[in-house]
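Next, two complexes with chain A in common: one pairs it with chain B, the other with chain C.
What follows is the complex of A and B.
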């Protein structure tokens, strides 16, 4: 993977350190409130923040995912002064565990109804995770964003072409990866947050404004 | 410009409610598609009018929007609707309730604090109808109305997962119409098609909704029986055998009777694939065919 030479131009070491800190705070805040909303203890790993080019993005992603396909993937965009894209990966079988976690699991269900409940559980949990992580990030930076509905693919092997199309080969993006684990429910997965190049300048400015508070 | 006039005439339902779930705004679309006008509902709890919304999912999503300022989505697939309303237009006969895609979002005050929530409600009944038709096209065998081979594979994988994880048993019945080639040769393919349709319908009308009947190929069917042991599966196969033997068809040459053979097996620990699940009932069916037909054989 190319950690961009340009990254040093775009973000100084100090800015990269602030960026990491902002992500730590945002995701940390998200965890506490997520637990209240879905009544489950969730652990998010320390977010790994990298600046990466569009052309290296897919390879970078493949190196970071340790679950073999097929898996359930959820994609969602957000827009505002901060624009970007979230995608989550849940292993195959997680849909049933998430349905049980939300209290919707029922025995002897019609398979169509069962699939409907499983889709609902993945969409809902995915949307709440996105809302929590992105919502807290923009909250820390005193901004608001809007979201598109989540797009779910069950038991698939996504090519990640959509994020690549959005990013563009020549773009530089901030890629944030965290691993989440729903404690006591044996559910884990990956959460990626990608901000596009147009957001970088706003991001830099927002990071400085954030630091001025201290 | 008076935005309230826009909101009152827009082709989307819009309502707002505060943190106590008291309705604060109810637009023209909501009035015309619900039984309630703004004078009745504004200032009252949303749950007084829509008690179905007082459930964990709706409350959880509202809480998420109030906490994170995100949007919560309730697309018609899989949620069908949030606000029970009569469907209108061309598709009203296909659904009991209007199919809706709803979004819940935050409303903030001048201090950027979230003080209330809005809900937008879009009528998606036409899209739901089209989706339903597409699903039928991709899942069902067009001649017999039974599930197709691809759906069968999906159902077996689902049942295998349930068996491995939750130890829930399931059984499989393979069905083959006896001497079907002769029926086609003697009475023509259209007659043969009628036989296939009747046999399929007869079995579908005489089994639990939970069971899945699929056309496996040609004149062969396969029935997946969740939560059923070998005894229950063989009883159903015997019921099918009698039903099919009792069917009478009228051809130009006079009445025609048919029979079918059955192979029955139940899932076992060492079955790890769709092929492994189908092998035992298929072998049993072969034995039924080679030992006289019009009989049911249970896998060894």
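What follows is the complex of A and C.
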């Protein structure tokens, strides 16, 4: 993988650590919002922030996912001053547990209907977490973004092709990863947020402005 | 009477924000730790009057650290400062024996009010 030589100049350790804390706040809020809707306790991990090159980000993402494929990937893009993608990864099988958690299961469903409900559950939970997390993130940084509807991919290895249009092979990608676990339901998953190089400049300014209020 | 404050958080940024929010007139000695395990060691050695404790941390999380700290001193004043604001989490830390919980990012007002409450509690404990 390409090591970004001037990664520190583009985005300093200090800026990474501010983004990490802002992400911690945002995801924490998102999870609390989800827990208002479904009766779950979610354990969070410490977010990690890395800079990767456009041509490596797909491989980098795949390397960071420690669940065996195939998995469910719920993908959503957002745009505004901050442009990027969110991927929420759930393991295969979680769709059944999530459907049950949403209270959507019914007896004697035909397989087509069952699949439709399961896809719906993944998309709904992905949408709640993504909207609340990215919403809070830009809110903390005094901005707003608009979202495309979530898309679900169930593949042995998601292609993550779409973001390349936004990112470009040559550009620098900020990649933020958070792991989470639905306690008592044995569902673990990943939340990735990636943004393009133009957003990096906005991010830097917004993160420093955030710190200045203290 | 508030002489020693321990701050436990894996995020240096969060520690910096918290310190800025503390009342400027405080004349205290600080100790910092970056995870629950380090925090617990510092707690035993430093014997803080007041501890600010994060929940989401590597090595040992804040739930476990809180339990261990209260085993060492069941009257310890521990204020949880966390972004994990799930209702079940708040209920759990309070039932474990946290003194207060403050949501991240904290503000000067919430931190100063929390410190005032802690000082009042210390006075009350000294009298009784």
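Note that the second predicted complex is superposed on the first by the 206 of 214 C-alpha atoms of A that agree within 3 Å, B and C clash if a C-alpha of one lies under 4 Å from a C-alpha of the other, contacts with A are read in each partner's own complex, and residues count from 1 in each chain.
As a convention for this text, contacts are C-beta pairs under 8 Å (C-beta built on N, C-alpha and C of every residue); 3 or more make two chains touch, one makes a residue touch a chain.
Just so we're clear, the structure is a prediction, and the values are computed from it rather than from any experiment.
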item	value
Three-chain arrangement built on chain A, chain B and chain C clash or fit	fit
Vertex chain A, arms to chain B and chain C (CA centres, degrees, nearest 10)	130
Touched partner set for A:140, first chain B, second chain C, both or neither	second
Touched partner set for A:54, first chain B, second chain C, both or neither	neither
First (chain B), second (chain C), both or neither touched by A:96	first
Which of chain B and chain C A:25 touches, first, second, both or neither	second
Partner chain in contact with A:119 - chain B first, chain C second, else both or neither	first
More chain A residues in contact [chain B versus chain C]	B
A:128 touches, of chain B and chain C: first, second, both or neither?	first
Partner chain(s) touched by A:84 [first = chain B, second = chain C, both, neither]	neither
Per-pair minimum CA distance [chain C against chain B, superposed on A] in Å	13
Doubly contacted residues of chain A, that is, touched by chain B and again by chain C	36
Chain C to chain A touching residues, read off their complex	10-14, 16-17, 20-21, 56-58, 82-89, 104-105
Chain A residues within the chain C interface of the complex	17-18, 20-21, 24-29, 31-32, 35-36, 41-42, 44-46, 140, 211, 214
Residues of chain B touching chain A in the complex	56-57, 60-61, 63-65, 67-73, 75, 77-79, 103, 108, 112, 155, 158, 161, 165, 168, 209-210, 212, 226-227
Chain B partner contacts - residues on chain A that touch it in the complex	30, 33, 36-38, 93, 96, 102-104, 107-108, 110-111, 114-117, 119-120, 123-124, 127-128, 130-132, 134-136, 138-139, 142, 144, 146-147, 149-150
